[in-house]
Every structure is written in C-alpha cells, then in structure tokens.
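These are the structures in question, set out in turn.
Below, chain A partners chain B and then partners chain C, in two separate complexes.
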Partner chain A sequence: MNDMGLIVRTLARATIPLIGIFGAYIVSHGHLTPGGGFQGGATIAGAGILFLIAFGLEEAKKRINKNLYSALEGIGGLVFLGAAMLGLSVAFFYNLLWHKGPILNGHPGSLLSAGYLPIMNLAVGLKVFTGLVSALMAIALYRRWQK
Partner chain B sequence: MKKALAFLSLLVIFAALLLATHPDYGIKFGLSGKDWLKYRYTDQYYIEHGIEEVGGTNIVTDIVFDYRGYDTLGEATVLFTAIAGAIALLRPWRRDENE
Partner chain C sequence: MTWLPFLIIIPLFGAFSMPIVSLLKGKAKEVWATIVSFATLMVGIQVFREVWSKGTLLYTLGARNPFGKADFPIRIVWEVDKFGAIMVLIITFVSFLAVLYSIEYMKHDTGLEKFYTLILILELGMLGIVITGDIFNFYVFLEIMSIASYALVAFRNDTWEAIEAGIKYMFVGSLASSFILLGVALLYGQYGTLTMGYLAVKMAENPTIVAKVALALFLGGLLFKSGASPVHMWLADAHPAAPSSISAMLSGLVIKAGGVYAMARIIFSVFWPALNPITVGWIIIFFACITLIVGNAMAVVQEDMKRLLAYSSVGQIGYILLGLGIGIVAYGTKIGEIALAGAIYHVVNHAIMKALLFLVAGAIIHEIGTRNLNELSGLAKTMPKTSFAFLIGAAAIVGMPPLNGFASKWLIYESSALFNPILGAIAIIGTAFCTAAYVRVLFTFFGRPREKVLNAKDPGISMLLPMLILVLAIIVMGLFPWQISDKFMIPAARGLWDVLGYVATLMGGG
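Presenting the complex of A and B:
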C-alpha cells in the first residue's frame, strides 16, 4: 500500500543484509577499530529503517514485534550492567575479564581481548538498534494527521 | 522590546564566548609539546596506559566503557528514557480508538 516501487524494494533486499553485516562488524570490533556499540547499533537501525521505508508500514508491522523489541532493549541494558558488575569484588566497572578472565584476555588487538568491552559493545548495540527501530515504528504508526 | 533584549543578551554572551576562545586570553587550540603535557596530561595517561590496563586497542572505547563507564551507563539510560518517553507519548489516544 504505502511501499516503494519495484526497483527500490529489490535494491533494499540486496542492501539490508549488507548494512546489517557492516553494523555487526562495527559492533563486534568496537574494541579494535573506530566505532562501537552506539555507532554500530545506529547503523543496523538504519537497515531496519530502510526496511520500514522500502516495504511499507504494513509489512513492517507484521515483522516487528513490539514486545520482543521492548524486551530486547531492556535485556541489552541489563547485560551492560551485568558486565559492569562482574568485578564488583574490586570496584564497579572493574575489568575483571581482562585481568584474569577465562576467554576475553587475549593479546591486545585480537578479537577475544579487552575483557568485558566486546560484551558491553554487543549489549549497547542491541539496545540502540532495538530502541531506535521501536521509536521509528512508534513515529511511523502515529498517523493522526489523516483525519 | 522583550525580543530585542533577548537578542542583545545573546550578542553579549556570544562576544564573551568569542573572547574566551581567543588564544591570547582564553583557551588554546592545537596544543603540542610542553602545552600538551601541561593541559592534556589526562589524555597522555590514557594513551600511554590504555592498552595495558583495559586491553582494547581503540582508546576511545577503553575510555568510554572502562575508565568512564558510569558516563556510558548514564548515556544508555538517557537513550532508554528517551525511547520510552517517545513511545509512551506516541501511543494512540483514547479519543482516536473510539472513532
């Protein structure tokens, strides 16, 4: 009904996975390269917004579950807090996983390094993505000007 | 009259800020050498110790998530509150549902 034409929809089919993969790369390499949770989450949310624009509100309403997105945003925040509380025996925001962690204490520069930083980046990325998509969905569903 | 006064006060604030950012009276830009160690010693500490203390090679992420994690926690809270407020305000009104 209120979706774009065939060319835009086909291009969106091709670019939405690419944007998603690039955003996931930014989030997961937040401790090694520029970017991080907020930037990567906003990039993935851009893919979600492209989906909403290209395929229309009706299709997005079917695919985007409001309760799931609200829950995922809360879970992202809780995972962030949980990662911060890992080293609570020393201090809040003490990077315990880096100093004596099981996995995430590799050589600086490798993917499995930097303690809780990758966990926090993933949590913040999830939070930003779900939050921005649900906010945009709320704005798109707000159509009181039609009367 | 009120608008003219407001504009005048804006001009005064703008002039004061221009003076404050003048290199001869206020803050300096493009610090280097001795000035860098005098005014940016905290940055120097982060650059020197970030990798060994936090582990990430991205110093900005080291600072944002480890040294100053509370700030990021507050930032995430601000985002959460903004989205919760936007969704709460954009819900259908009771008047709309009855139509």
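Presenting the complex of A and C:
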C-alpha cells in the first residue's frame, strides 16, 4: 500500500546508498570540510525519508525499530557527553584527545586529527539521523485523516 | 575542583540515558529520574555552599581560563554569583520534588520515558540559564528550557486543552525567543563579543543606540517569558493544561529562571553601563503594576482551580518585578537594596508556595477528576491532609506573618511605600485581590461536602511527601524571616548590583 511506482523504487534503491555514503562522508570529515554532525546526519536522514516515501509505510514499519532508534539517539547524546567529559580534570569540554590523546592528535588537516571533534561529529550525526527518522516515522504513523 | 559542571552533566546524562534505561520494563525510568534529580539536588547544594564560602564562581569551558592568547575572554564561561546560587538551589529542590511527585501522579499516562526525559531537560535548561555568563549560551539554555516546556504543556495530547495551550505557548514563545536572539545578534554585531561581563566593559566604552535597541528586544522577550501582564495570556492557558507536577515547575521555576532572573542578569551584568536606570526601572515598574492588578484581579473571578493559581502566579510575578524595578531606579540606596532583596526573596518563596499549591491541585484532580471549584465543596472532610497543605500554601501566598511569604512581601511593601506611596498602595490592592481569591477557595474547601467529594481520599505517600516537604519548608523559612533576609537575600541583592565585581571576576580569570 501507498508506495511509489517501479521507476521511483528502482531509483531509490540506487540512490539511498549514495546518499548514505555522502552523508557519512560529511559527518566523518566534519573537522576538515564544510558540514559536520548536523548536516551529515540530516543528509543520511534524507536517505531514510526517501526509503519511507519510495517503499511505503508498511515496508518502513518492518525495517525501523522504535526502541533501537530511540536507544541509538540516547547513545549519540551519551557519546557526545562522554567526549566532553574526557578532559574534566582540566575543564569540561577540554580537548584532552588533541593535547595528549592516543590516536586523534595527528597532523592538522589529516583525518585523525582535531581530538574529540570527529567523535562528537559522529555522535551528533547519529543523534540527528535517528532523531529525524524517528520523528518522521512517528508523523507518518500518526492517525489517518478521518477515522 | 568545582562541582559546577556536574550541575549540567548529571541532568544531561540522565536525559540521554533515559531511552536506554526505559528499555528495562517496570519502574526503571521513574527510579532513574528520581536518582538523577536527587543527585542534581545534592550538586546544587554543594554549588550553593561553594558560592557562599568562596564568592562568585567562574568556570571556563574548554580550558583553565577564558582568555587563551587574547586579552579578552574567548571561551564560554559560567559565572555563578550569589543570586545565581540561590536560583540553583531552588531549581534543583523544586525539580526533585516535582519528579518525586510525578511517580504516582503520572502513573496512568503513557509515554513516560519521554516525560521524564523532558522534565530533566527542563531542569537542565533552567540550571544553564542561571549559571551561564555567556549571552549566546544563555539563549541556547533559554531555548532548551522553552522547548521542553512547550512539549510538557502539550504532553497529554489526547485532551484538546493541552494541544491548544501548547500551540499558543509555542507560537508566541518562539516569537519571544526570536526577539532575544535578535538582541544577541545586534550586540554581537556592535561589540564583537558574547561574554556578558566583557560586553559590559565594551558597552561602558561605547554606549550606542544599538545597545538600547537590543535591550528593548531583550526586555520584550523576557517580560513575555516571565508572564508580565500584557503578554501573560499563554500562562493562564499553559499552567492549567499541563500535568500538575509540570505546572509546579512552570509556575515555580520557569517564569523566574527564564524571566525574572534573566532580566535581572541582563540589566545589571550586561547593560548597566549603557542604560538609564530611571527609564528602564520605571518601564519595569509600569509593567509590574499592571501585572499585579491584572493577575490578582483575574484570579478572583476564576472557577477553575488551576487557572486561579496560574493568574495568581501572574500577580506574584508583579511583586517580583516591582521589587526589581525599584531596585533598578533606586540603585545604590537603602530602599533599592531592600526592594531587590525582597524581589529575590519572593522568587524563592513563591517558587516554594506555588509549587505546593499546584501539587495540591494535582492531588485533587488526581483523586476527584475535576478542577471546577464549584464541585469541590467540603474537600477538607475527605482529603484533610491535602486541604491542610493548601491552607498553609494559601496563607503563605497572601503573606500571613508566621509563614515565609510575609517577610518577602513586607520587604517589597516597605520599599515601595518608601519609594513612592502610590506603588505601595497598588501592591496592597494586589494583595487584597489575592486574599479574596484564596479565601474564596478555602471557604469552598471547608464548606459542606458534595456527593462528588464524599468518596475521595488523600493520595499516596509519594504525592504527599513532596507536599509535606514544601509545607515544612514554608513553616521553617517563616520562623527565621529576617535571618534569611540578612544572611542570604541582602548579600545576593548587593552581589547583583556589584557590576564591577562581576566583571572583575571574569577578567581576573578566577
């Protein structure tokens, strides 16, 4: 019921992975290029919404688990908070991973640099993606117009 | 090592972990919310003691001091002075009681994991507002608080009035918030900094018309958030429609943290060098007088119990604004000091007693299922403990001498009468209306029981305990009114006036 035609579904099958990969790229390069957690997360959520529209509500209901998505959203927030608390011995939000850190203190401009920023971008990306998809699923599942 | 960051970390952790904790079935989410808010209360007490023993706290996010290599603050700072510490204490206290109360009160509702997440986020937003020393950080926390309260007002979305109140509150509230954001943008464009203390420095060097426009926008937005009179209409809808534990937080805390506290902070710590105290003070006094009369007079004619309490909140905000306004106009005099101390004292007292009254109203709705006062006659026979709590709360709010409301109202009456007798008379008229409203409710409660009331009984322990704690707080605070005023409220008022001290704490790097 209420899914799109064959052309749209085929195209969606082709584009959803591309949108997802592009969003993941924006999230993971948030500390190097324009974009970041929110922009990338919203892009990936765009893939989720395309899935919902192209394949219909019934299919989306089977694939999207409410508990999983709300737990993942919580985890996104917790990871962000955890990264912010790493340097609490100096100050809240002190970038310990950049000043001392094991891996993420590479040369500025390389992927493994900027301390906790990539971690925070991933956390925000996860939170935005799961949050937007859950919100749109909840709206899509809302009572029908009349009955 | 300061406790201050944990004031944000603990509620944030509680809110983010709530969706995961609630995967455990049963009472896990209630227990978790109670633990988290109790831990926040403990941290709040610690922060209060820290500020009181060591003076204004400065905390920099991201480094040891706010400066880096520059000679001006570049990082977000949190700065808690004595007024902020009082607010921290009262916010954590009332929020904990509201969460405790919700365990039994909300047990018939669904979607409770969202409820407890939102209640913790609401607490977080208010705590952020009162500790922050950065004006954009202030805006962010203000929005956190506002959005959480929009969602909580409309929480019972199967009732038409919750949706209506939520929409009304959200539309006009977002507009008010956007005024504040516009004010922040103007200040940043003009002065190039967002730290409150450093903005005061820049403003002293170069007071501009932009600063005045920004102040007007801030005042407009914050008067809305505090429920001052021409824009109090959201409050009278939002408080009755929200679940009662939320009404207690909205009325006791949100309108003070996001309204009165923010206004005092913005005026004294940011705009003081640029503004004309007489003009700004009289603007606030003008709105305070309208608020006093309108709020209290509208409370008299209500038939809905929670609506009555909501209008009474508007009226009490009028007293607080009156004290604040006199504290601005009469800067540096004894009268102004008493007025400002009275306003701060009344913030605390009103938070306690209005929380109590809303919790009582919630208990009555929970047991009997109606808010209509005409149907609640004779309640004292079947719900004696609840009615007693209401009696104490009502007596405190009109300002009966052995209770806490007396001292704070006395300070405001005394200062307003000394400042300008007309204002004193207006304050008295407001109280006359307020007394009429509450005496009317009490007469209903102690009248002849109606059938509807006969089968009611007092609620369970987790609803009675928060009321009992608040009754005790009212009585105990009422026993030592002048000690509290001399030891806490007057120093807090002096600290608020001490703009140079606020800036020096920031620039000294703490």
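The criterion applied here is as follows: the second predicted complex is superposed on the first by the 145 of 147 C-alpha atoms of A that agree within 3 Å, B and C clash if a C-alpha of one lies under 4 Å from a C-alpha of the other, contacts with A are read in each partner's own complex, and residues count from 1 in each chain.
What we mean here is this: contacts are C-beta pairs under 8 Å (C-beta built on N, C-alpha and C of every residue); 3 or more make two chains touch, one makes a residue touch a chain.
Note that the structure is a prediction, hence the values are computed from the model and not measured.
Considered on the superposed chain A, chain B and chain C are sterically compatible, since they fit side by side.
In the superposed model, A:L111 makes contact with neither chain B nor chain C.
Put simply, more of the residues of chain A are touched by B, taking chain B and chain C as the two choices. If you stand at the C-alpha centre of chain A, chain B and chain C are 40 degrees apart, rounded to the nearest 10.
Once the two complexes are laid over each other on the shared chain, residue contacts for A:I103 go to neither chain B nor chain C. In the superposed model, A:S134 lies in contact with chain B only, and not with chain C.
Contacts of A:L88 after superposition: chain C is touched, whereas chain B is not reached. Once chain A of one complex is fitted onto chain A of the other, the partner contacts of A:L18 are absent, as it touches neither chain B nor chain C. Between chain B and chain C, the minimal CA-CA distance in the chain A superposition rounds to 5 Å. Residue overlap on chain A between its contacts with chain B in one complex and with chain C in the other: 73, 77, 81, 92-93, 95. Residue ranges of chain A in contact with chain B, taken from their complex: 30-34, 36, 38, 73, 77, 80-81, 84, 92-93, 95, 98, 104-105, 108-109, 113-117, 120-121, 124, 127-128, 131-132, 134-135, 138-139, 141-142, 144, 147. Interface residues of chain C facing chain A in the complex, by the touch rule stated above, are 5, 8-9, 12-13, 15-20, 23, 59-64, 113. By the touch criterion stated above, chain B contacts chain A in their complex at residues 51-58, 60-62, 64-66, 69-70, 72-73, 75-77, 79-80, 82-83, 86-87, 90-91, 93, 96, 99. Those residues of chain A that touch chain C in the shared complex are 67, 70-71, 73-75, 77-78, 81, 85, 88, 90-95.
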